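Take a look at these structures.
Look at the two complexes coming up: chain A is in both, with chain B in one and chain C in the other.
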Partner chain A sequence: MMAYIARRILYAIPILIGVNILTFLLFFVVNSPDDMARMNLGLKRVTPEAVENWKRERGYHLPLLYNSSAKGLARVTDTIFFQKSVKLFQFDFGSSDSGRDIGYDISQRMWPSLAIALPVLLVGLLINISYALLIAFFRATYIDFWSVVLCVVMMSISGLFYIIGGQYLVSKLLHLVPISGYDTGIDAIKFLILPVIIGVIGGVGSGTRWYRTLFLEEINKDYVRTARAKGLSEKRVLFRHVLKNAMIPILTGVVVVLPLLFMGSLITESFFGIPGLGSYTIDAIDSQDFAIVRSMVFLGSVLYILGLLLTDISYTLVDPRVRLS
Partner chain B sequence: MIAQLVVLWTDALIFLLLFLALAFGIYASRKPHLRRPWGMVVGSRVGMGTLVVLLFYLVVGLLDSVHFHPWAQSSDGSGEKIPSTEVISLFDSLVSELRARQEKTYSAPLATHLYAKEIIELADGSTIRDFPRLRYAGAHLSDPEQSGADILRLSALGILKGVAVSLVSANVLIMLLAVAARSNFGEQARRVLQNRTEVPWRVVLVVLSMMLVLIFWSAELASRYHLLGTDKVGEDVFYQALKSIRTGLVIGTLTTLVMLPAAILLGIMAGYFRGWVDDIIQYIYTTLNSIPGVLLIAAAILMLQIYMSNHEEEFNSLVERADLRLLFLCIILGVTSWTGLCRLLRGESMKLREVDYVQAATAFGVSHLRIIGRHILPNVLHIVLIAVVLDFSGLVLAEAVLSYVNIGVDPTMNSWGNMINSARLEMAREPIVWWSLAAAMLFMFILVLAANLFSDVVRDAFDPRLGGSR
Partner chain C sequence: MAKYQTGLMKTICWAGWLLILSLVSGCSGTSWNNPYPAAESTANILYSSFSERPKHLDPARAYSSNEYEFIAQIYEPLLQYHFLKRPYELVPLAAERLPVVRYYDAAGAHLPDQALSSKIAFSEYEITIRRGMLYQPHPALATDSSGAYSYHHLDSRQIARSNTLADFPLTGTREVTAEDFIYQIKRLASPSLNSPIAGIIGEYIVGFSDYRKELSELQQRQQGDADGSDTYFDLRSYEIPGVELLDRYSFRIRLRGKYPQFIYWLAMPFFSPMPWEAEAFYSQPGLKKRNITLNWYPLGSGPYMLEENNPNLRMVLAVNPNFHGENYPLEGAPGDRESALLERAGQPLPFIERAIFSLEKESIPYWSKFLQGYYDTSGISSDSFDQAVRFSTQGEVGLTDPMIEKGIHLNTAVTASVFYMGFNLLDPVVGGDSEPARLLRQAISIAMDFEEYISIFNNGRGVAAQGPIPPGIFGNRAGTDEINRYVYELHGGKVRRKGIAQAQALMRQAGYPGGRDPVTGKSLILYYDTTSAGPDGKARLNWMRKQFAKLGVELVIRASDYNRFQEKMREGTGQIFMWGWNADYPDPENFLFLLYGPNGKVEHGGENAANYSNPEFDKLFVQMKNMENSPQRQMIVNQMVEILRHDAPWVWGFFPKAFSLSHAWYGNVKPNLMANNTLKYKWIDPELRARQRALWNPPIVWPLLLLLAVLLISLVPAVRLYRRRERSSAR
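Showing the complex of A and B:
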């Protein structure tokens, strides 16, 4: 087990290097540091010295990939790519183009993101699974048919509509909770409740339909027929046998997204003015702050790979048939 | 009317896609094993009903994909006709009235007055603050109070026309069916109405007449009023929503078109050759997959924006520039979404290469290329088809979200995402302006719902696990 995990972590390194090369190419080759400096300092009438200064302050004055003026190994290491990548691997994100410490910002903004994403995941899971079980119990009846119709209709509505409609109805017409904003401590609840509810509603359609398929697949298996044949009640069959076995794909599907919860939701956070990582990323995109976007890309990839690893481990924990090798 | 054709990149690709789809249709109709699942799609009531709705969207989208320079009067006053510099589409020229009738600012759906008070000068020279009359909507009425009755009259007229046209088309359809089935008209009509036909023509007729009535009704009203109001600069919202259809279709279809070659080639190669080829391809798609999709799109679009602002001289017109951005968005969306299909194809070809007939072909010394082309590719096509159909609705919804974050299509391009984006400020107004948002949501909802239902039917028909038992 430990050997497997160690191997997987080693395997992650070339992937992260690949991610780095790709984002680097995207950011620096199409758009040279000179362009970035000019854009940040205002497009017109910038002296070459100012550009040089801006680049030196942020470490962009080195050549991109290959330093021909340096000697030996420094030809590769004295470049923007090497300098920036190595720092990312040490989780030292440096400072943003506007001069703020990215690492500090991330550690601050992670918690509001989590405060929305985690309840949305847990409440959504509970509601979707219960609803899907209900449908599976009433399978091939009108309840089943109309529930599936409802799910498809809900899936077809844009997530933006739930947010805009919910904000308008709950905050503007009924004045139940503030439209947007955030507070620390216990006061945060009144800001969080609406985004969480909307997040859950937005996911009901696809989630319930997916779990229903999983349950129906299990219900048609032989062991369920055996369980019925020995006279177990339908309730017992559903909860003790079907639910338990369907939990394997459900659980592993949840585990893979767990690390990514830290990243938050771009749209929800910017609509509700929550100072999380999602709105951080959007602000960075809007102000074209590449240092932040690059850090977030790296962070996202690390968390994704972590999610894959956790999924494999959780498989062995819940399904004794799976052995890691 | 057409002075000079303009072929934009996405236009060319859309018609290429249409051509490919038709070619595939002809190919499939000759192969019994492919005709059977399609027969199930065509025989399904949901499938045919949604197909009719999708076809209406498709027609608008295709009409909107033929671009050209129209004729214009030359400016030297000689009255000579020269090609205009603006680029419009066939659809634009069909609804030129909608496009031309621009008001000053917001007006509510079917309203006769502006939505904001202005200072109006009366005939006797005094001024008052009131809602001014609209320039075009309801301009034929001497007394705007009568607009209610006028709208009812136009609605009745439009519905009547729609019913008449749908009756005619129903009769023509039944006649054609009767000729094809070599029975007489009455017999065929009875079979269609009692739903005893192989293809559920009754559903087709019902949906078709509903759409026709809706179209004639809206055309009648839109010719005199602003059916869905006007936006901030006074443009007709109904027109915007119709124009957005093309953007949605392009994103939904071209994205999969541009990702298909890579996904098919790499997926099959990884599964068929195994070994180091498999390792490299797996490495590529794991790397791409581990970058958060939105961030990759954001980064790529940011780069494109900067490139475009630095190289403005390379683009002839705003339309071309917006079009290239749309194409680029499709490509980058494709890059982020091909990995799932690639993985599926890899798994399937891994299974297929162990099958007896592939083993036999290998033993006979058939080349790899031929084995892939003759044995593997035809057997994974159903996976490709299901993936293409299933991805469509998700991509249409994704466009709206991306445009909201300003990393979607060009702001000058008509798209539902841009309409929703502008509605953000309108919702905060007092009293609120709801119609832009409602129009975009309605048009998008109908398209996505139809696509979702249709893709379910296609998946059920093609999924071998269901074995055609349903």
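Showing the complex of A and C:
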């Protein structure tokens, strides 16, 4: 297994380089270093000299990918791409274009993101699995039919609608929780209730349908028929056998998203004023802060690769038939 | 069945507990949706918001309104605008009195105040500052018993365990001296700080530009980084010839020529005192890596200091315990006494103890929180405009009934800014000095119905412009005799936009009869460069097309992002565009310079985006800009405005009106569009606020209980089905 993990890590390097090149190209197709300088220096009284100074101080005065005026290896190394990318692979995110330390900001902002994402995941899992089991239990009845209809309707509604509707109903009309904001420590709970509820409700439609499919697939297998033939009650069949076997795709599906929980949600954090990594990324895109955008995309890629690796490993843990080689 | 009933009973019990809990909480008087700690409910705290984290809190770098919202309360420049008087009047702040200005000729001989501008080679501003002003408590000023600075030689261990300024427990202070103002002027020249006013100030302060070059060379030799904060560069060792220390409390600034607008710059945070200790402290290696920089943690002498700096969540200002003291103005403008703005005349400032600014990016939660009483003041977005404001049949602005019932006040003021549609004068079709091009621009000026634009897209929040100078600024003339006669006419004593027939006649004269291009025989095609390409902008762009279609002209929209738009403006490849300008100071020069030839964007990289150049206008501009406000100056401004109206380099657009709302417990609200340091004048009645919040936000729990009941009832058929299935025999 260790050899497999080492090989996967090595595979990750070209993927990360590719992601980095793509991010770089996409960003600089839209924004030139001059644009970034002007955005940072403000809209009034920006002189060409100030733009040049800004670029020089942050290393954006170099050519993007190839330095034709340099010699030898410097043609590649004396470029914005090389200078900005090398440190990323050492997980040194450096300073943002506005001068703040990115690593510190990430370490501060990942916790609010996690504070929403983790409860949404856990509560969502609990509700979705329970509801899917219920539907599977009542399969081919009117409960199954109307539940599927409800799930399809819930899936069809935009996430933004849940957020705005939830804020309007729960906070504005019923005055039950603050409409937005955040605080540290125990005081954060009152701000997290609504985004977590909305996150869970927003995911019920798709989650339940997915788990229902998994359960129904299992229910039609031979071992379930055998279990029923033994005289086990439907409840025991579902909870003892079906659920246990369906846990393999559920578990792997959960493990793959675990590392990404730190990355936060772009829209939810923005609407609820949660200072997480989702809003950090959005702010960076708005302010054309390439240093942050680059770091967040890189971090997201690393976490995604990590999630896939963990998924593979988790397969071996829950299914003895699977061997990593 | 008994088991099922027991489960149901349990659920009902839980619901009962929830109800009791809610009733208890409701009775406790604490609103559940209060985003602030209950202990703060009756505290003398202002609650406000910010939508974008400020980029700079360094007074040498900050230049935008969201930055000034904070630093103007912390730093004290030499002068300030009188809070109440209109037209805007400068009064001393850190200065003991208004600066004494002396003029000299090239030979150094003293000239009288009335000397001709052309004779004046140098102006000298002699400034005396207040005595006894102290800086806020700050670690950079902390000293030990021997007088040595406690934190100027931090070791790596101390730095490693510091994440905020609060991690340095010792603080100190010292008196503000004239040398600190000089130090700050030197900082404006520092190339590593990229101060936005370095260019303009460099044109006037003697030796400033050379000093900047010298610093640039020296700093390049010395290793530095973006903020220059990893290596301390002691500016005290290098002098600007034009800035001279006279004694501990006075200094002199020497300018080239006459520049009366300089006094307005002295009222901006750029000219605040900065102790050298601040830079010495923050430039220690490693602090920048911890985000502890002067750009994030200000050190000022003003009424407030930054108590909490978390731009991802909130910024908190607290009263500076070392504030030297200032009293509320004794007099104001006519009507201020009747508006209760002088009730606290002469009382010591500031009135509010703390101000909490929460990050609020979206308008919906922001507006809801204001209505719930959790923000003390609010702007009005287009989405909520109809909910808050209504126009009477006479066109008067007022609040809607729900707002009046809540005791909310509406404050309006025409801003010192202009929003215009510009023509690129370098363009072969709409540009140039030819008569056909001028007539074409005049025709478009008539067709562009900005009154309608204001009504549709700005909810009536604006005043159609007759020229580039907004109301309230010297040079603006009001009244029916002062209209732009190329676009408007008097009809029955009322000003109205000329009819489209007159615009069409101008098109014929310009060589475009019916809007047809004589070369192609088809509709003349013009290009409008814009950044508003989203769904919101679609209606606006359709409206624009319709205005041009009135003349038979086809308007092609060239939408791009703001970067590309700016690039087009810099390169002069745009044709027609819309842009705006916010005044730096209340002087006509700050608007007319937007059309001054040597400020052309393409050729000189200036702010004249239309690239307008008219030798006569330029000559008058040079004459006008160095004059004090006087009837003679007004005459020149009138001539300049007349030239502009005739040449029509802009469709004059409109002057936006600022609408803001404030709750009944928020006092001394008077829009002051030039001053940024107005927090110190405001007061809060926290008791009233607490009462109103409790009244407006009672938790309503019954819908939750109803929902729970519905869920439980919906479970009943499922349970029955389950039981039936369990009892049935195998199939």
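One rule holds in what follows: the second predicted complex is superposed on the first by the 306 of 325 C-alpha atoms of A that agree within 3 Å, B and C clash if a C-alpha of one lies under 4 Å from a C-alpha of the other, contacts with A are read in each partner's own complex, and residues count from 1 in each chain.
Operating definition for what follows: contacts are C-beta pairs under 8 Å (C-beta built on N, C-alpha and C of every residue); 3 or more make two chains touch, one makes a residue touch a chain.
Just so we're clear, the structure is a prediction, and the values are computed from it rather than from any experiment.
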Q.
Let me test your reading of the model: by the given contact rule, A:V293 touches which partner, first (chain B), second (chain C), both or neither?
A. first
Q) Can A:V257 be said to touch chain B (first), chain C (second), both, or neither? A) neither
Q: Report for A:D283: first if it touches chain B alone, second if chain C alone, otherwise both or neither.
A: second
(Q) Per the contact definition in the header, classify A:I164: touching chain B only (first), chain C only (second), both, or neither. (A) both
Q: Quick one: classify A:M155 as touching chain B (first), chain C (second), both or neither.
A: first
Q: Would you sort A:L173 into first (chain B), second (chain C), both or neither based on which partner it touches?
A: second
Q. Just chain B (first), just chain C (second), both, or neither: which does A:D101 touch?
A. second
Q.
In the overlaid three-chain picture, which partner chain does A:L232 touch, first (chain B) or second (chain C), both, or neither?
A. neither
Q | Superposed model, chain A: greater residue contact from chain B or chain C | A | C
Q | Shared chain A surface residues [contacts with chain B and with chain C] | A | 30-31, 35, 39, 164, 167-168, 270, 288
Q. Which residues of chain B touch chain A in their complex?
A. 283-284, 286-292, 294-296, 298-300, 302-303, 306-307, 310, 393, 397, 400-401, 404-407, 420, 423-424, 427, 432, 437, 441, 444-445, 448-449, 452-453, 456
Q. In their complex, what parts of chain A are in touch with chain B?
A. 14-16, 18-19, 22-23, 26-27, 30-31, 35, 39, 152-153, 155-161, 164, 167-168, 260, 263, 266-267, 270, 281-282, 285-286, 288, 290, 293, 296-297, 300-301, 304-305
Q) In the complex formed with chain A, which residues of chain C make contact? A) 31-35, 37, 53, 55, 63-64, 163, 191-192, 194, 196-200, 225-227, 288-291, 293, 295-296, 310, 312-313, 358-362, 364-365, 368-369, 371-372, 374, 561, 563, 566-567, 582, 584, 605, 607, 697-701, 703-704, 717-718, 721-722, 725-726, 730
Q.
List the residues on chain A that touch chain C in their complex, please.
A. 30-32, 35, 38-50, 53-54, 57-58, 95, 98-101, 104-105, 108-109, 134, 137-138, 141, 143, 164, 167-168, 171-183, 187, 190-191, 228, 231, 233-235, 270-273, 275, 279-280, 283, 287-288
